């Protein structure tokens, strides 16, 4: 760990000895800090797993598929929040990705160069807005809008059609899975857009120029050169957004309707793991099965985020193709 | 790829000019459609930001009185302010930053300077990335389990420490990235002067990377200043003026959460004021961070 | 780094106002408005500053079991065995009423008539439109739209829910068998909201919504409450007189740990959903001074808080009950 170059001058020799002590100490501190971070994450996972263990033992794998959350009977199944977490996150991705792609395309290929920085910054600022603000904005602005203008006509028009109708049934609360997904989409939009823009910029100019030289339109260059070149990283960026959508708490809690029933309707209420933990953790008694079930859900959320992040990292790693 | 130019003239050998013309027009048309859609997408993105800001100003600005900064939160109907929440947020953010930054910098130093190619280094880097995007509510749960429940109950210090866990990976990431940007020549110069490695890191590399690291710290501050979920189970909230770190402590995001969900008009109004303040603060920090970073980029 | 933040805190402390004796409580949102007003008045009168966090009764019970707060508050009484196990003293603070609130275009304050039976069927998802025959049958003269009913319930563990579901169980056997009465139940229909506040806010926003809140939340927010049919068969409006009539019929002498039953009492003018709300205080306090401050606070509230309570349409405890609680403090709390 000490520096390898021998100090030629005599006066420096003694300094070198004391400084090698300094080097060892400094390196040890740096290493300790690294190990601390490892232990910290380990402790988080272990504390969630130990806390959730009674639930895993009591219900086994059935916990993942049981939609019953009944505090009176002391029966807990994680299916509703797990389903809510996955569905809201996936719907959010479905809504955000086309927009993010458009923004990234605009920022890398279409916008006049003086315009790129301010627009890019503005989009990035969207990512900086705290999630509680999204929740509040969603509750006071989007929810009434949905309840008044979007849901009633859709429910009236579609709910009597078989199969499809099931997706739009129920009273127009304005809250629910679809509204939560919409807010999540706005929140993850800047993340995905920024990642896409950054990876689009890694495409060597010479590739694009040769395609333009052949007479390709901008869209053809995008479709045939940029997207194939960056495909893997783009998916990585989308996964990064997915990871964020999965764990979002405050914005979702405000608008999802906080209900532990499985609902087929997109306008129906639901819960996500993060929102059920935020709501029900404070009242769950130490040692109770309910507390254990919430911690088990926390553990499951961590595992899901962990997997999504691991995939995203592998795909975004420089040189991954 | 057809060899037609954008003007639609025939450039390739022996092609039916009419077909080529039609093809070209179709290609141009899809190009225009995609361009228009992209501009629309960008407009929608910007519109969301504008909509949020306009809402905040519209609903928050009217309640922005001077008593917001002089009075503590009060029961509904008594015209309270937010000073305890503002100060509570400042204190917990300060603790989070003060505890998280040095650890984060040391981890970043370890990753950039000591860990190259080692297994431990890769593990730490991966774990730090996991922490960076770990759901913040789980960090709150963790601190509740290890600090709040076994010890003395909800406290400002527990809130601050939960925020520190969020600060660490942000600072790790920027520190490592910035240290890697330091030119080798600079390190060599330091070593040639006989400086030990740790001195060259602290006095040369970290100093050279200071702007970048400061940016990272600012972004971390901006992030934790708006965090609600990790504080719910750690500092709980406090209706009164309290500076004791051992007691439950108020914070702007938690107060906004409580007030926004309430049905009292004056509380909702204060929630909008709080929302306006925190958003402006966080956005300002972000803009400052970007300005700081600009000369390097 | 800690010294840095401590220095910062010290700096801020020097600038801020002087802190009084502070006590932290958490729990029921049901009495939160009256605790907040009491807290404000008691700070001026006896120098005790109450930090009451309305996190729900379930949360209040749990936090005092964990001793993370000085006292817990719950509308759902804790049973005797649990109290003994957790070494807690339970005593009532004040009484209040739960009222249904609705948001139906064209329906004004206390005009809509409902029964426990109908409420149970609405919350069971069996009655889904406001112009359902069962509702219109008892509301002649009221134009009810063909609007979908959106039931709103408490998503967090709540004493208000306990009181409300106790009433539904008393009114409807099917509810009693299928869902039951508890601080959180498995709701067959509707959307969840957090706290009495959250229900009030959601009902305010959603057309066709119905919810249940402590009366103060309805009056302070000018929400549309309804009439209810009481045990004697009369439709009554939610007024302080109707609440007091129900409260007066409670038999405290039979109640274990003060857990008096005020649901669906017999009086001709009684409001059917009335409840006491309780405080949970450790018998072996970690910090005796803080527990003493809690008792001092409620002692002050019993003696001087009646006016504040009735202004918010809560009902103060009868004098004999107050005295019995004071005696319990003396005999049961170490300190």
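For this structure, a couple of remarks:
In this document, chain identifiers A, B and C correspond to the written order of the chains, with residue numbering beginning at 1 in each.
Quick note on the criterion: contacts are C-beta pairs under 8 Å (C-beta built on N, C-alpha and C of every residue); 3 or more make two chains touch, one makes a residue touch a chain.
Computed from a predicted structure; not experimentally measured.
Of the two interfaces, A-B and B-C, the higher number of touching C-beta pairs belongs to A-B.
Chain centres here are means of the Cα atoms, and by that rule the chain farthest away from chain A is C. Spacing of chain A relative to chain C, judged by their CA centroids, is 37 angstrom. If you average the Cα atoms of chain A and of chain B, the two centres end up 14 Å apart. Averaged Cα coordinates give chain B a centre that lies 39 Å from the centre of chain C. Within chain C, residues 26, 63, 66, 193-194 each touch two or more of the remaining chains. Residue positions 149, 261 of chain B each touch two or more of the other chains. Touching of two or more other chains is recorded for residues 282, 286 of chain A.
Of all residues in chain C, those touching chain A in their complex are 26, 55-63, 65-66, 128, 148-150, 155-157, 179-180, 182-187, 190-194, 202, 205-209.
For chain A in complex with chain B, the residues that touch the partner chain are 1-3, 5, 7, 9, 12, 15-16, 19-20, 22-23, 25-27, 29-38, 40-41, 43-44, 47-48, 51, 98-103, 105-107, 110-111, 119, 121-126, 128-137, 139-141, 186, 189-190, 193, 211, 214-220, 222, 224, 240, 243-244, 246-250, 254, 274, 277-278, 281-282, 286, 295, 298, 301-302, 305-306, 309-310, 313. Those residues of chain B that touch chain A in the shared complex are 1-6, 11, 27-28, 30-31, 34-35, 37-42, 44-46, 48-49, 51-52, 55-56, 59, 103, 106-107, 109-111, 113-115, 120-121, 123-124, 126-131, 133-139, 141-142, 144-146, 149, 165, 168-169, 172, 191-192, 194-202, 222-223, 225-229, 232-233, 253, 256-257, 260-261, 271-272, 275, 278-279, 282-283, 286-287, 290. Of all residues in chain B, those touching chain C in their complex are 74-78, 87, 90-91, 94-95, 98-99, 101-102, 148-149, 153-154, 160, 236-245, 247-248, 258, 261-265, 268. If you check the complex, the residues on chain C that touch chain B are 1-2, 4-6, 8-9, 12-13, 16-17, 19, 22, 24, 26, 33, 36-37, 39-40, 49-54, 63, 66-69, 193-195, 197-198, 200-201, 204, 217, 220-221, 223.
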